[in-house]
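The first chain written gets the first letter, and so on, giving A, B, C, D, E and F; residue counts start at 1 in each chain.
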């Protein structure tokens, strides 16, 4: 059967700040600029979740996108949506919540829940002009 | 001269939460749902700033959009961008930072800085699927 | 309190064809072109639902957009989404399902469910380059 | 019959520069900045053409959008698309081709070709973050 | 000469339903949900057609995008636009018209018409939040 | 450390025409159609600049996107924005300014300024429906 990629876009809103607690305030302010603001700021994140695999001849699907959407809601959005990433999400207890790190964490959380044999690629939009991509290592 | 509207879109990122301090936590949670989360969440706000007036025959402009953009940056974005609206922006000391109230506050801050004779209309996007408009009273 | 407009975008997918049963096939083909195709075609419709009214000082809302979204789902999307507008939706039994008529029907169905004192304006996107607006009569 | 607005988006690419020949170069450079560059620059213009009127009960249309699109192509795009507005379009022989003036000129050219009884409103996007609107005087 | 990818986006509107005729109605309803609706629903499909190859030094083109667009219209859109994919398009006589299968079919139809030496990649948007990609096997 | 791609979108407006001076006017008109218009036309170009590399554990960044944006402004936009590509930009003295060639030139100009070890991929949008990609040779 042909190999195809299918994508579902999901979204969440969250607050965050960028800070490396091992460095002092001057370093953080210089490195992260306004993103280091101690009272947080936030984004509308859009997450494009792409899975790649063979088309199932019985359904014509690589994977049912409704199931993929439900999986993302349960595994990712329930933890991230309307949250403060620094204070409320344990995944970022020892990790700076940059877009890069959010994408890596989402990939690692989601991958074990996918059917075997499907590759996973994530694109995370922090703003309409800034985004990151991660496809595992 | 013909009357025309011109718009410049500007943007800012901010954290906020919705809470009415005069009411108890149960009321706030029921009224605002996840938007009441005490640790904040955030958005990429897009603000469409529209001014309406006669076209100046010497320039062909209603108003120079570079000047309008600079005005928005000085009067609005410097106060709002990468900020926590509840904790850091005095305009919301006694006002819940809903999209409606943010739009009204921006209108009242910006209007006195415009050249006389220009009407002002604001559209504030909280997400690509939710927005508000305010044109003064 | 200031008067403000708030909008929620909702969407539905549907099949339709444009045909006036009182006229013959040649007239229909000439008037509606490929839109008259007897086996139907379809669209991803986006519906921008705007309500206008005073901001409630206790909530900072004109109307809770979650409630507006739920209302649209119950009153409109349950009837229209993943449907054939000509064959399955009684509202179009005697009405050609053009974008104009869909907008008018949605307005008349939704308006009675809104809190009193709120004006309603609808924008219906049939494609990203074609849309209609209706605000009542 | 209900009154409704229908819109068709059309587009054209053009080169232009902003210059008032009655003023000297220093004034033009200060007023128009890089837009005064003597060798021109350009844009992808999007033009949203909105007509408002009663829905025809026989067709369900305010106006056939295919006909509106064809009219825009014949009356407007044939003159503007892939052109230098300053050098090749007679409408701007004595008029600075700002977005405001382009919108006014398009409105005056298109209006006489519309069926009687329809109002016309134009929105011209010069970039995705700058646009103007004109609805006649 | 450098190797480059060039893309042209084309679109079509179509009705379809998802059904595997070898399985019973209960299976189809459970597998495809509302997409199995027997009276069809529809979409605005956007198709991003990407060809990759060396830049021709005489034209600066990998391939003239006007020619690519015309080819897509003749080979693909003439068969798909304003059609019912299940009833009117022979390509889907024995194939469920999921986005995956539509992409594969379009690739196989279009590829033989391209100049030799160009790779082909397709992205098909079923909605702005759901899309598939296919690049051959 | 995980390998990730990060993208910043920047934009510029420019005028250009497509012409091969080694060929006669008839050939140019036939090959380039309205794009050969001797008085130029123009576009709003959007350039998606993607760099790929390991995430720095100290910052959580592959590369600071503010620095990438500043680099693009200095190396690319200062040369291209509000310019006539044929007349004013030396990079196109002997090169037809098609989207393909603009992308290749931008890649070659920008690459030496990037930190070592980062791969560079560019996507250049000439219109919202036409774009090219280049990732080096």
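FYI, a residue touches a chain if its C-beta (ideal position, glycine included) is under 8 Å from a C-beta of that chain, and two chains touch if they have at least 3 such contacts.
Quick caveat: nothing in here was measured; it's all calculated off a predicted structure.
Undergrad: Over the chains that touch one another, what is the least number of steps taking chain C to chain E?
TA: Tracing touching chains, the least step count from chain C to chain E comes to 1.
Undergrad: Where the contacts of chain B and chain E overlap, which chains show up?
TA: A, C
Undergrad: Average the CA atoms of each chain to get its centre, and name the chain whose centre is farthest from that of chain C.
TA: It is F.
Undergrad: Of all the other chains, whose mean CA position lies farthest from chain A?
TA: The most distant chain relative to chain A turns out to be D.
Undergrad: The A-B interface: which of C-D, B-C or C-E repeats it, judged by over half of the contact pairs being the same residue numbers?
TA: C-E
Undergrad: Count the residue numbers both chain C and chain D use at their shared interface, divide by all numbers used there, and answer same if that is over half, different if under half.
TA: Interface between chain C and chain D is built from largely different residues.
Undergrad: Chain C to chain F: how many Å between their CA centres?
TA: Roughly 41 Å separates the two chain centres.
Undergrad: What whole-Å value do you get for the distance between chain D and chain E if each is reduced to the mean of its CA atoms?
TA: Taking the average C-alpha coordinate of chain D and of chain E, the gap between them is 34 Å.
Undergrad: Could you please state the distance in Å, as a whole number, between where the Cα atoms of chain A are centred and where those of chain F are centred?
TA: Here the centre of chain F sits 28 Å away from the centre of chain A.
Undergrad: Which positions in chain F are in touch with at least two other chains?
TA: Only 128 qualify.
Undergrad: Return all touching chain pairs.
TA: A-B, A-E, A-F, B-C, B-D, C-D, C-E, D-F, E-F
Undergrad: Going by the contact rule set out above, which residues of chain A touch chain E in the complex?
TA: Against chain E, the touching part of chain A is residues 2-10, 50, 55, 58-62, 64-66.
Undergrad: Quick check: in the complex, which residue numbers of chain D touch chain F?
TA: For chain D paired with chain F, touching residues are 11, 13-16, 34-35, 37, 39-44, 81-84, 87-88, 127-128.
Undergrad: In the complex formed with chain B, which residues of chain D make contact?
TA: Against chain B, the touching part of chain D is residues 18, 20, 23, 31-33, 95-101, 103-104, 128-134, 137.
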